[in-house]
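Naming follows writing order (A, B, C, D, E, F and G), and every chain is counted from residue 1.
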Amino acid sequence: MIRRWLVAGVAFGVLWLFVRGVELTVDAVAGEFLIGIAVGLPVAYLFRRLYSEGIDLGAAVQSIPYAVLYAIVFVREIVVANFDVAYRVLAPGDQIEPQVIFVPLRVETDLGVTTIANSITITPGTLTLDHDQEENALYVHVIDGRDVGAIVDPIRTWEDYALVIFDEERSPADPAPAVSVHPEDRNPPRPADHPEVPDEGGGDGGR
Amino acid sequence: MTDQLVAAPMLVVLTTIVALLGLRRWPRVQRSASVGGGLAYALAVGAVAWSVVLAPDAPGAAAYQVGGWVAPFGVTLVVDALSAFMLAIAAAVGLSAAVFSVLYVDRANQRVFYHVLFHCLLLGVTGAFLTGDLFNLFVWFEVMLLASYVFVAFYGGPEHTAAGFRYLVLNVVGSALLLLSVGGLYAVTGTLNMADVSRRMAAPGAYGVDPAPAVGLAALALVTFGLKAGLVPFQFWVPGAYRSAPLPVTAMLAGVTKKVGMYAIVRVYFTVFGGATVGPSIAGVAGSSPLSFLAPVLLAMGIASILVGGVGAVVRDTIEETLAYSSVAQIGFVAVPVGLAAAAPPGSLRRLGLAAALVYALHHALAKPLLFLATAAIRSATGTNRLADLGGLGGRAPVLSACFFLASLSLVGIPPLTGFFGKFLVFDAAARRFATAPGPLGAIVLIALLAGAVLTILYTTRIWTASFWGERTPAVEDAGVDPRQTAVLAALALAIVGVGIWFDPVFEFAGAAADAALDREGYVDLVAPTGGEDA
Amino acid sequence: MATVAAEAGLLNAAADVGLVVVSGLCVLCSYRAIRGPTVPDRVVALDTIATNVVAIAVLFALKTGRGLFVTVSLVLAIIGFLSTVIVAKFVTEGDIIERRE
Amino acid sequence: MKTTARIMVPIILVLAISLLLQGHNLPGGGFIAGVLTTVAFALVYVAYGLDYLDAGVLGRDVEPGRGIFEHRSVTAFRRTFILGLAIAVASGLGALAFDEPFLSQTFVIVESIPIYHEIEVASALAFDLGVYCVVVGVLLTILSVVGAE
Amino acid sequence: MVAVRAAIAVGLVAVGCFFLAVGTLGLLRLPNVYNRMHATSKPTTLGTASIFLAGFVRFGPGGAGLTSLVGIAFLFLTVPTGAHMISRSAQRTGVPFLGNVTWPGKSDDE
Amino acid sequence: MSVALAFVVGGLFGLGTFLLLRRDLVRVVWGVAVVSQAANVYLISMGGVAPGTHDSVPVLAGHGEPVPETTDPLVQALVLTAIVISFGTTAFALALTYRAYEENETMDVQEWQ
Amino acid sequence: MAPELALVATAVALPFVASGATPLVYRLVGARTGYFGAAVAIACFALAGSQLGRRGAVGVPWVPSMDVSLRFYVDGWAVLFALLASAIGALVFVYSASYMADEHTLARYYATLLAFMGSILGVAFAADLLAVFLFWELTSLCSFVLIGHHTDEADSRYAARMAMIVTVGGGLFLLVGIAFLSIAATEALGARSFDLAAMLANADAMESSLRELGLFVPTLAVVAVAAGAKSAQVPLHFWLPNAMAAPTPVSAFLHSATMVKVGVYFVGRLRPLLGGDEWMVLFATVGLATMTAGAALAVVATDIKELLAYSTASHLGLMVAGFGFQSVYGAEAGAFHLFNHALFKAALFLVAGIVAHEVGTRRLAGLSGLWRDLPVTAAVAGVTGLSMAGIPPFSGFYSKELLFEAAYEAAHAAGGLAWLYPAVAVFASVLTVLYSLRLLAIFVGERPGAVASVHRPSAALVAPPAVLGVATAVVSVAPQLAVDAVVEAAIGATAAESPDVHVGLPTHLTPPVAMSAVTIVAGAAAYPVLGRLQRAIGAVVGATPIARPNWWYDRLLSGTEAAGPRVARTVHNGLLRTYVVWVLAAASALALAGYAATTGLVPAVEGVRVTPGITLVLLVAVVAAVAVVSAPSHVVGVLALSILGFMVAIFYILASAPDLALTQLVVETLVLLIFLLVLEQLPAFYADTDRLVAARDAVLSVVVGATAFLTVMLASPDIGAEPTAIARFYATEAVPAGGGTNVVNVILVDFRGFDTLGELFVVSIAAMSVVVLIAMRNRGETR
């Protein structure tokens, strides 16, 4: 176990190389990396409370293959997603059948949830609207909600990987909770009331 | 040595500001440091003025290249008689206002960056007087403005913030216009250094410059300068801002920052554009140059200021409002001779006009701060400066009253006070115009000056008879005058008398300053912009 | 060397076209930003413009062959994100920076 | 949002420092770096609230209901800008000690250093550092004070 | 080699522009803010990423190419978060969904 | 000179002016911001705006190499300063706006005494 | 024989020094400070007398570079005036010692009175125009303080302010005249000069120089205004009766030998310089008009002091008219009457004071028979009153006779309308006889019962008027004595030639003698119907408000005072809109005028030559700005503003300015953040703009936009223009001299680091300001 901020500091050192755009010679990389460490460690130390837990290096190394897998699925989904949206946007007529679905999650760490949520947003026809902290569930807006199963499948796959990558309590073996589309037991939509928020001036139906 | 001294006033203020910031936690020390800084500033200005301009073997002018880059590549600081004269004004007012602030402003309020911002105001003023670079002038204007904005809205209260907001908006407009002007001049002349611009404008052919747009561009700068000076029709911010700012700061605003606007007009139009030959040819105005454009405009603005300010000041409820309107009128008296100088052919009237303006500016820089500070003293003694609530101050606070009376008289133009010479020289310039140039201009100017002078008597006597004479009001009866405040007033009053009695050196200084403003070639040679043609 | 020039020329032309296209897209986005109809619509448009702006910076880098504009685009990305976040938070909460009372 | 902010904030800081250091040779410089640093802190403010910087990052507890001027972080910001102003002015005055005009800058290229071969040491960096500190201090002061309203 | 690299870069630019255009068109065409966000969050991210990739190809593998990669990472980190924030704001301020779409839960968390 | 640039600068100044004349306090501040932007664009146009090339950027490729003819770096430096200054002013204006509203209890600048 | 500088300077300086010492003296001797003042006055009298018969100028330099000095000129005229001032001053001081004994603010009173006397002496001797002005304005100033002596009485304050406005304001006209004269001197004397003595010595050269420059009439006019204001000539006479609010000794001093005579004195002084036809028309007309108006108003006066005040105005008119006539009789009339009037009027005021003091009223109505209680006073009044009336053989007769002579001569020479001069002079003199008799009537006859008891005045109170009465009597009996002693020299100084003056009772009938006879007979005949006359004059005055003395003043003042608030209301109406409109409209007008004057407003158009990308981006910028203008809510506007900012940033990128783009973006975001932070606290407000107002604003906006458009068109460099030499220098020197490849950064931190320093202070001040705004919002000046 080493302190996380140390790891973060080194990571910033690597980031430094990228940001600086070093030439790929040994001297340049080494030199800049040293500077990067010199910059990164203090920054990481300053924000050490943001990374207060320890980190298990071994686990981290183990998670790498899963991360790669995650990325592969992700990239594939992205490409599909974009052509999907492109089709819907460019094709004449109304190509959408929007729906909001409620997806309870197994991942619990902030990082995990954020990763899943962002992935959902980037990928086809889905968009994370909100995270329900009590239920640990995501509200997902789908552009074509006719086949919920097809939408949820990749999400579950990522979740499986993410459980490993982020060293979560639950394991991919745990059963995935059921998703729901405007379930009966929940409240009907209600517009939030924020009187202090200035909205549209005219009657263009903003709220 | 002399050259190094040029930057001294600047460096003193900079150091003072940093020191004041560092001393925030020790308010007592900070207060002393503020006064010390003001004193050091005055000494620095004195040293510069003496060694560069006044000493028998003084060179008359000196340039300083900030960062060591030769002009026009770096920013040049220039001290000539004109800047030295203006710096002396800033030093006199700055020091007295700094001292008075310590005595007058509530201790707790002084801790809220008051002294730092005060010296920032001084910093902006100093930069504006010293710089020899058009864009740098803009920068120091902004420093000066920003510091003054907050002072206008310093105290809580609707009228303060409203006045501050109006002041801010008008000056933002002014800054944008100045940028238009400076940027355009750079595009037209290819340089920002004033001496370099001057050189190129005087010989446009040699430098491949098309000077035609310069007149309009300079007019845009004139608007900004007019705003700073508070000349009609750019005076709107004056009454509100003067009323709202803490009175010692108002003393600075009226005494110094107004003059920055006039200084800039003189510097830019006479030194920078004095040699240009492009411009309108206007009847009754000599030559065809940016100056011939300036002349009718500035005369109209000056006369309008005299009348609007004078009439506005006649019936006001409070002393400070009266003085605020009076400031509008008084800057008109500074503008008119400058306009006359611009209208005159090169020669003695042009010089006289500028010298008159400078002497008048000096007078106003002594008298008006004294009046504002006296108002502050009255306010701290009685809690009010409403004429209706005052009466019988003359008997209650004789020394204070005497100082106020003296400054009022200087405003009216009673000899042998400084204001008399100011007024006389202005009248003299107008009379010369009347005598030497045909056309109704001279008569109009003279009549306006007379009318303005009579209006001055109206409002000064009104303040005097209403608050210093009359039955003692309860506020006055219970007044406790701070003798230290009175001492500051007395010092300024002595200066008003002293300058009048020993006017000769002052007049020579002002004359030298006028010469400096007109000595375009000398200015160019001093700064010696290199490059350009060969770089 | 000639091929390098050709490469530069081709990429340059492509980047030029790209610049015009993406600038044009900004014009289109501004329609949504102005017409709304809802505030979130406008925020989306702003966000999209911000992303387009990032693209423009990179395209300009390609056009001029100056990598330094990529760094600029990096900053742009951060800035666009922050703008979106604060506006969205403003619209949602009416309070961007919260304080514990 | 909070997680993204957590990741982004240090990265932005690293980027800011990079821009500060490269300013003399590449786009960047004290001002941009300063604002970017502020942006990082602003992200913390927006994501976590005003008190988090004191409580969560600096590890100091904030008494509820205290005025913004009592925040340790706000005091620190003000110190930063005073320090920056002092650095900038001092770096300008420093030239006087070498009998050079105010604000004169210079640079030396130090050669034969392992790995780096040569390093340019520019006095302008000190001035830029002053700018950086001023900007950071100033902007964070404004943000925290206005944000506290 | 050089020609291939150039061709790849040009292709990436073209793809990028295409997707950016898709995003913008979607922003204009789709019926409400939630659906519009589908258009903006995905294609614009990919489009910009594609152009960043062109940058990597052009300037890489070292130098500004590395920086381009950081740019891609930034995009994938920030754009979804931004979209998330916007959609939440839309939902919180009561922007209605299309047709029979309803909100499947309560909304006053955090 | 370019008519397009002139049109933009003129347009921004005009629109800024219109905003400055509004009664709504916030709009006046927008006017301040728009006018500042306009002035900055103007300054850049005073240095001449040329299509971007490898050499047009006033960031030189490296030490000791020949110096190409870049666009005018001076106006860029001036605009940088101007941007920062107008930022300072705008930030102050905003804080002042807040207090002006608080103390005058109206957003209508016409109703301030 | 040349005068002695030391003595003259001492005579002038002594009262000022004494004035400074007065508070101390008062602390030592209290109310008897009056005698201290009298001693000073006597010393001055002696010093002035020592210069009798001398002639010439001496001085010390004051402002050498302007050729201004404290130059003193001694001649008969100066000495006469100085002697009168100091002599009557001495008597007034003595009188004050008793009269003012009960007052509180005596230190101020005596100090001012001494300074007043010193100022008069200064005017008398000053030979430098600026020195004249110095003392001239000092007299006005002192009279302001003296008239306002009773500061808690509204009347006093009103009168003091009026006197200040009229006399100091009039003095400003003199300042213009001084400027004119000095300009003429440049030509006439060969150098810029304020040397009055030299000007008088070269009167002809001065006159021709003035005429050449077209300054003769203007100079005459401004001098006339100044002298008229000081000497209460119509229409500026109204301040004088108001000035009787001053304590009686002050009135005596003011009206007899000092303040009001300053104008006359200066008219006499400049007579050799500016004399001529214009001079005569101006001063004879003004003088006679004043003489008549003053006399008429004196006839209807109800208060002793009021009567005397109008009488003073009338007599001043006589003197001015005298000096107006160009014959030597004119100078004789002016100078001699100045002398006579000083004596009798001072006496009469002191008498009035005694009456007021001892009887308790100054109302003419109901007073009579006072000779029984105040015999000495009555005797003094008799001598001096008859002198005032111009009854032979009293002193006033001689000088008035000279005026008749001068008027007759002038009419005889010019003919036509000029015959009005003698006619008006006679008419005014009839009125003079009338009011003099009215005044004397309070002493004769029986004492009415209404006047309860009359105190005996103390000797100290009676002695001064008695001295003056005796002096008047002496002059009456032996006028030639006075003429020879002091007056003739004075006449010589004010007339071009050296006269041989003989005065005495007439021995044969001449036209002037006949005029005098008519005057006296008509006056005596009209006296019985005085009541009806008074009603008639009163009706005239009542019907024509212009004739009421304060009418003009009050109208002008109240008009100005009404205009003040109007300026405040209409010009400074507190509406930001108005202010911005003025500033921007004026800016546009000025710039357009400047362009029009030099370029004809036609820029060379080279076409739309920016890249399509830039054009599109800028288009979005303008569209965004339009969106800001038309934003339906604050958030929307802020968003649009943000888009504008982004577009400008992109413009910077496309204009090859990476640093700018970065700065612009980061700044834009921060502004957005702060904007939203502030917006949180603000309510929505969308002004329902009046279409008309919007249209008007749009017009101004278009004008401003057009100005900016033209500015770009005219100023921006040609496409493909060479970069400026400076830009080139920065680029080439950035690496070798600045050590950096980022040229912009090298400019910012090195070449133009000074700008950056200023910029740094701007942002620092902004931060401090924000803190101040927040911290100070609930704090006033004091807590």
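Just so it is clear, a contact is a pair of C-beta atoms (placed from the backbone, for glycine too) under 8 Å apart; a residue touches a chain by one contact, two chains touch by 3 or more.
The model shown is predicted, which means the values in this text are computed figures rather than measured ones.
Visitor: Please identify the chain lying most centrally, where each chain is represented by the average of its Cα atoms.
Guide: Closest chain centre to the overall C-alpha centroid: B.
Visitor: Once you count every C-beta pair in contact for both, which comes out on top, A-C or C-E?
Guide: Counting C-beta pairs in contact for A-C and C-E gives the edge to C-E.
Visitor: As a test of understanding: of all chains, whose mean C-alpha position lies farthest from that of subunit B?
Guide: A
Visitor: Taking each chain's centre as the mean of its C-alpha atoms, which one ends up farthest from the centre of subunit G?
Guide: A
Visitor: With centres defined as the mean C-alpha position, give me the subunit A-subunit F separation in Å.
Guide: Distance between chain centres: 38 Å.
Visitor: Approximately how many whole Å separate the CA-defined centres of subunit D and subunit E?
Guide: About 32 Å, centre to centre.
Visitor: When the C-alpha atoms of subunit A and subunit E are each averaged to a single point, how far apart are the two points in Å?
Guide: The separation of the two C-alpha centroids amounts to 14 Å.
Visitor: From the C-alpha centre of subunit D to that of subunit F, how far is it in Å?
Guide: A distance of 24 Å separates the two centres.
Visitor: Where in subunit B do residues touch at least two different other chains?
Guide: Residues 14, 17, 66-67, 135, 139, 142, 146, 149-150, 153, 156-157, 162, 165, 169, 173, 180, 183-184, 186-187, 192 of subunit B touch two or more partner chains.
Visitor: Quick check: what residues of subunit A touch more than one other chain, meaning two or more?
Guide: Residues 15, 19-21, 114, 118, 194, 196-197, 199-200, 204, 206-207 of subunit A each touch two or more of the other chains.
Visitor: Considering subunit D alone, which of its residues make contact with at least two other chains?
Guide: 1, 4, 8, 15, 19, 25-28, 31-32, 36, 39, 42, 46, 85, 89, 92, 103, 105, 142-143, 146-147, 149
Visitor: Looking at the complex, which residues from subunit B come into contact with subunit F?
Guide: On the subunit B side, the touching residues are 135, 138-139, 142, 146, 149-150, 153, 156-162, 164-165, 168-169, 172-173, 175-176, 179-180, 182-184, 186-187, 192.
Visitor: Quick one: which bits of subunit C touch subunit A in the complex? Just the residue numbers, please.
Guide: That would be residues 36-39, 67, 70-71, 74, 90-94 of subunit C.
Visitor: Where on subunit G does subunit F make contact in their complex?
Guide: Those in contact with subunit F are residues 574-577, 580-581, 584, 603-611, 614-615, 618, 621-622, 625-626, 628-629, 634, 637-638, 641, 644-645, 648, 651-652, 654-660, 663-664, 667, 670-671, 674-675, 677-679, 681-683, 685-687, 689, 697-698, 700-702, 704-721, 723-724, 726-728, 730-732, 734-735, 741-744, 747-748, 752, 755-756, 758-759, 762-763, 765-767, 769-770, 773-774, 777.
Visitor: Spell out the part of subunit A that touches subunit D in their complex, as residue ranges.
Guide: Per the touch definition, subunit A meets subunit D at residues 8, 12, 15-16, 19-20, 27, 30-31, 34-36, 39-40, 43-44, 46-47, 49-50, 110-111, 113-114, 118.
Visitor: Could you list, by residue number, the parts of subunit C that touch subunit D in their complex?
Guide: 68, 71-72, 74-75, 78-79, 81-82, 85-86, 89, 96-101
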